[in-house]
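Alright, structures below, take your time with them.
One chain, subunit A, appears in both complexes that follow, with subunit B as partner in the first and subunit C in the second.
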Partner chain A sequence: MRRNQGCNPLEHVMARRQFLGGAAAGAIGMGVLGHHAQAVQLKRQEKRILQVFLQGGVSQLESWDPKPGTVHGGPFQAIPTSVPGIHISELLPNIAQRMHNLSIVRSINIKSNDHEQGRQFMEKGRRVGDFPYVGAVASKYLTPADSQLPGYVHVSTRGITDVAGGAAFLGARHGQLKLEGVKPPGNLAPPEGVDALADAGRDQLRLQFNQRFVERRSKALTEAYDASYQQAAKLMSRKEMFEGRASKQDLDRYGTHDFGRYCLLARNLLENGAACVKVTHHGYDSHAENFNFHLEQLGEFDKPFCMLLDDLKARGMLESTLVVIYSEFGRTPKVNVRYGRDHWGTAWSVALGGCGIQPGAVIGKTNDTGTAVADREVDAGHLFHTYLQAVGLDSTADHDMPGRSIPIGDPSAESIKELLV
Partner chain B sequence: MTTDAPNEATIDLNAIDPTQTHQIAEFKHEIALTTIRVDPTDRFAAAGAEDLDVQLWDLESGDRRTFKSHKSWVRSIDFSADGNRMFTACWGGVINVWDTSQADPTPLQTIHAHQGSARFVRVSPDGKYLATCGNDLLVKVWNLADGKLVQEFAGHPRHVYGVDFHPGGKHLVSQDIMGGINIWDLVSGGHKQSIDASIMTGYDNKFAADMGGSRDLHFKSDGSQWASAGISKVTNSFAGVQDPIIVLFDWESGKEIKQVKSADDNVKGVAWGVRFHPDNFLIGAIADRSGKGELWFHKPEEEKAFHTMKLTSAARGLDLLSDNRRLAVAHADGHVRLYRMTAQPPSEEKTSEKTAT
Partner chain C sequence: MTPVDSWKAHSSKLQRSLNTLCCATVISLSAASSWGAESPLHQRIDVAIGAGLTEFENLAADDAGDAAFARRLYLDLAGTIPSAEQARQFLADGSPDKRAKLIDQLLGSPHHARRMQYAFDTMLMERRPDKHIKADQWRNFLRQSFAEGKPWDELVAEMLTADGSDEQSRPAAKFLLDRELKTDAMTRDLGRIFLGRDLQCAQCHDHPNIDDYLQRHYHGLAAFLNRSYLFTDPESKQASIGEKADGTVKFTSVFTSESDETAPRVLELPPIEDPPLADEPYTVKPDKKVRSVPVYSRRLQLALAMTDSSNVAFRRNIVNRLWAMMMGRGIVEPVDMSHSGNPPSHPALLDLLAEEFHEHNYDVRYLLRELALTKTYQRSSLYKVGAENLADDRFAVALLKPLTPEQLAWSMMQATSLTDATLDDLKTQYLLADAENDPAQIEDLLWQEEALHDSLKSHVDTFVGFFGVAGIQTSQFDASANQALFLRNGAELQNWLEPSGQRLTAHLATLDGPQLVDEFYFSVFSRPPNAEEVQQVTMFLEEYKENRDAAIEQLVWAALSSAEFRFNH
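Right after this comes the complex of A and B.
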């Protein structure tokens, strides 16, 4: 069967534009950060975020908050993990063995059962308003000065389009570069018939135009574009990173299916300086056949994710990489007549670990039947603060926007302090 | 000469007429049911549910006993020929063997049959073996005398949803989520045939996931055909938008004979049960995505069902009693309902149905 590639030539063009913008941002963003005594406190460089988005709303009862044998528990059992006392669904056996690297927040109530509202809230930490996504914030403040990649990269075969890549007022250069699976952004290669020499000539011509242009204008724009072209050139020379030319050993571990390859690409991107990599795994909006679908989907998710976690740890990167597994909401405790679970933002879970996160913790709890939060209710605003503080950013400070006062996180929320190291 | 009495006398209340199918009893559980099986002596109806238990009703008295031991939902049930033993398979991969006479039942045997779900259990025609299948991609045969594994068949690339013995006792048929059917030779222990039934699976492009497989498998008593119930034509599997389907296969050739679908294009859902009736028609039990259901009555030589009976609650399983007149259906509303495929006695037409809990 053929997977829906979810793109067209125009999107390839847009992808390149996104890439170029994102690449430029690295130069400008870090330059600004380096020259201003700003409110944002970056405790240490070289931190990054890995977001794994289980699109459609993973069921908390089939993942992080199982309640076997209860009225809404479903058919799956809970299994012990590497952390005594913490049990998760049997559908995540590999994660269970690595639970000491992760923590769970089981008490999320976002008060919305709508895909788009839930997704926006989880990304922006605010219910309304044009605010940047976590990934865009990471791009702006965490992108290393020497990064050869855009700050915020999203690996997904398909999905919902994000306006301005989630950058909001941070500028499109901090918006997500959306990769179509493991393919590189479109139009990176020289046009057919243009060899390396000719391409160098084209680039020289572009530089000459830039020189004439800059004589009458600010140098900032042309410098940014120069940087983007340079990064594009570097990227073209390393296409294997995108094309998934993984070793047999890696493929044996991660799997040869799409999500396994996405995780391998995420590893490469993080290793090469991306400040935030988001990997989307589709197929959790299970209004029917919830249990068969979670069996299939989580079965595909569990091992590759764990291989990625292992590799981050083996490379000494886990302590500087915040890892978040999240959705736009959870799923109803009540099983419907189609063996499905519906949208449920009232009492659900995320898992996170790595940089700045207390490992092996469980924050909050739901009641015995999973229908409501019973302790330590939090929402996406709290999570947003927590994510950023975990990577050393002061989420209560204002954005680095001269002349404007825009708090990074929602001032009405705060971080989950007991989860932070 | 022309009185009312002769007209009533002409009604043969034992004549099988599916178009007259009517409910004669119901047995209530508090939780949505998942499957049903009636023992071959017609004494018991057993149902799994969206809990950890098996409910066993005495069809005569309506008395109910609850069989507790599984740690997951029970997906499939079978009985020994005398009805004294019950075999239950759960999502946890466990097969339990029960004595149906026990007042306070505990399993006689527990077999950890599969890694992941055990989706189907069937007793061999000679009553000596159990066939099971599951999410470990395996089909297994167990010796009932000692509960030991006798044979194991590997070859399905994806989760195996259904398995049954050919009435001749020398072969097994199994089917996986991708619709793939394998015929296994119990004598040689080898693989006999692969059959493509990919009509019974669907890939949802939007959600990037497969859905399909056999939700019920049943052989014609002479072994010349078998039928598989499931889904087809997946449009939006995550919302349950697909066609319920029953596919008939010829045993000798392994070829598909016929696809049976709803007469109503608006019916979307899953076929959860299928039975051959000795009078040469097929019965299907359907769960519509709306939560309602249907019973299909279909003659092989005809294009469309000759009768469709609407059900108030989605069907989750079907069995035919040995009198060949009664059907037992497990429903999503927690009820087992008995239906009789005969004319209804005039005196009972307005009386309330027999209800037991």
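Right after this comes the complex of A and C.
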């Protein structure tokens, strides 16, 4: 059995404890975004992406593609959902009530059982090569010109290194701003001894130095450099947005545990113009005690995710926000001796909904025991095209880079057309 | 005989190797003798750049001036800005050949070997995480190679022949071993990094948009390595390269379904057919526990074929890359997209550089010297009024070059005097550590460079973390909020700005008036301030005079964060 990073059961235990211990800190306050800004945001109807990454590989059998009563179907039941005919695992009761907002692709075969390969493929839509992640592509093409935030923000607890923040040739501006939970990004506070006035004074002086330098010099580079300072200043001025202040009502609904707070932060970030927000929920790599783990993990995931979904809908943002729940692969349709399920890229599922996605659909299917795709096989290349087309981007076009054009999506794959509105 | 020795013998380059042994003197002599009638290369470069554009001289930017030249050259050749003292010395020097002298001085310095180590490590490994060969060993190998003036073809031959089994040559195997002999990564990077061609899209079919990237080019390169594999020793767990005696490369176009088979070949050069398979094809037979070694190795053919005189693409690629390093963009740009649809901006110039580089035994230092001597290199980055619309690829004005993360780190440490203060500490420590320690040692430039590097390396790594990009390197400039936050609020810079000990801020605090401004400008911008600048700085300090120390910190911060500092100009 493979024992990759994150597979160590001990680590799972530790993560549990951290969660239990770290949930105490609560804060009461209003969301930072005023109503006016919200209205402006809504008027623009820009499109954006919310990714919820269930790290480690969520079991399709305990979520989107249950097979109760089969030899390796596990102990959980399938329950009916708000869409007649669609059943999902009983571990997702809140999502079941909202199934009419989501759709499921049950026929994914990525032909890899490796965490890193699977993750890269799911993010880049290509198996190999230095290509940008979905989030970086969204940042490049969907970020509003006057955005207060970097385009691609990732909320996560533990470090998975994404080379160049997933931006590849799109450049550092489109790499993910990684937030370690509800903590402001690094270096957001001015250094000790530099108060706001002094900070403004020194920045003014910086601009004076620049002003003279750019006379009779090409502006493209110097402007890009200055823009990074402006962006930094915007982030500094909105420090409190990252600090996870939340109203009592919100905390009551989302929960006070980490993932609930991440979802609240994601809502803030999306409202404030981030083109792609990725929230990672760790700990699905259940080589042992798969059922206990999924009971606990999905129990933590189901409600806050649904609250976020409800809020996006209530704000009129769902129709302009693509929502994707995904992993790097699924889990084996065979229970091992430790009541675990192992890595399984051969026949598994993702769920998605919102912007551009036909709601309440099921695409493809697996066979009766879940050991193979039975219909409409797709891989991460197809999903990549689908995500981008759902938010109105032509994924078959090229990134137009100086001196070269690079196809945005893999030319050998195409979108899942029947899933798009 | 080691593989590299056999490469030397095979490639009939003995004469060249001899030349290399005494490179510095031989080069200037041979340049003078064999090109006696012709003007030196740097002059012919300027002619080639001016050709084809009427009134080029009227439109082209003026000379950069001594101060701008010195700063640019220090950055390009030594990887850091000069100290205030070095900048002042150069300006004060009245000798007419002082620019050539500075070029030679810097090319011979240990800082140059370090700068080349950084540049070539980035070019060859593209800041990917370590796999099998430790970065330190590999970087040391690169630095030593440049310090001893190793020709480029020999350096590449060492990288492509080392199999990792021999401790001596093992660091050179990083290029292959860290790519784990994976065909995709291997083939693509051989094409991109050594031939200037990104053949990735030609893996499954002839390139759809680029007429001259053919599927057989991709697979011809792949065929050199298709028999090689990553071998991990079951006991030491050490990785090395094994090779099988058989295996062919077949490919089918996904467009036309045509299939073909290819022997190893470099682009359109003739395929290298295998000799008849010997009765016993292995020196070491394949076995789980040992690294198999065939009698005839396709992989060892790669170094020969790559560096062969007939392989013009190999030398065009490297001269183009060195040109881009000095001039801010390639004659072919992007440097790994050489094809008929993306022709060189100056075809004759590219030919000239490639052939001269070949004539001069692939001597990197020779080429850098000639490039630095050109008017083209020494022009101002201020365009002439009326010339603002001239395209970058005319090279009529010096292009802004973003500092690499390493250049930025060392330059900031230099400007804030962290470098000098640390060196003084290191010298003292060395002498105190042992009474037997030789006082002459601390004046040795190599000792100084190495001691400083080891002491300040972690700061450089921090800058690489913020400003470096892993993966394909492009010449595009990009700046993220994360980087700006690091410069605005990060601990490093803030720490270096504190007015303690020998720090620049502490030193400035002891000065006053124009003297302060002058010292500040030389330390940070390597030049004297003009009257307007003196006035501006004076006013700023006047405005914040209640807290003068803090004002000086802010002044230096603003200068370090300015565009003038961020770009080599």
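Note that the second predicted complex is superposed on the first by the 369 of 421 C-alpha atoms of A that agree within 3 Å, B and C clash if a C-alpha of one lies under 4 Å from a C-alpha of the other, contacts with A are read in each partner's own complex, and residues count from 1 in each chain.
Criterion: a residue touches a chain if its C-beta (ideal position, glycine included) is under 8 Å from a C-beta of that chain, and two chains touch if they have at least 3 such contacts.
All of these numbers come straight from a predicted model, not from anything done at the bench.
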item: Simultaneous placement of subunit C and subunit B on subunit A, clash or fit; value: fit
item: Touching partner for A:F293 - first (subunit B), second (subunit C), both, neither; value: first
item: First (subunit B), second (subunit C), both or neither touched by A:G283; value: first
item: Partner chain(s) touched by A:F76 [first = subunit B, second = subunit C, both, neither]; value: first
item: Subunit B versus subunit C as contact partner of A:G340, first or second or both or neither; value: first
item: Which superposed partner A:P150 touches (first subunit B, second subunit C, both, neither); value: second
item: More subunit A residues in contact - subunit B or subunit C; value: C
item: Partner chain in contact with A:E271 - subunit B first, subunit C second, else both or neither; value: neither
item: Touching partner for A:E414 - first (subunit B), second (subunit C), both, neither; value: neither
item: Per-pair minimum CA distance [subunit C against subunit B, superposed on A] in Å; value: 22
item: Footprint overlap on subunit A, comparing subunit B with subunit C; value: none
item: Subunit A-facing residues of subunit B, complex; value: 31-32, 50-52, 71-73, 75, 90-92, 116-117, 135, 159, 177, 203-211, 237-240, 269, 287, 289-291, 313-314, 332
item: Of all residues in subunit A, those that touch subunit B in their complex; value: 1-4, 56, 68-69, 71, 74-77, 157-158, 258, 282-283, 285-289, 291-293, 295-297, 335-338, 340
item: Complex interface listing, subunit A residues touching subunit C; value: 128-130, 150, 161, 163-164, 168-169, 171-173, 175, 177, 185-194, 198-199, 201-203, 205-206, 208-210, 212-218, 220-222, 224-229, 231-232, 234-236, 401-405, 412
item: Contacting residues of subunit C [partner subunit A, same complex]; value: 128-129, 184-185, 198, 200, 204, 209, 254, 333-334, 337, 342, 381-383, 385, 388, 392, 399-400, 402, 469-472, 474, 476-486, 488-491, 494, 532-533, 536, 540, 543-544, 550, 554-555, 557-559, 561-564, 566-567, 569
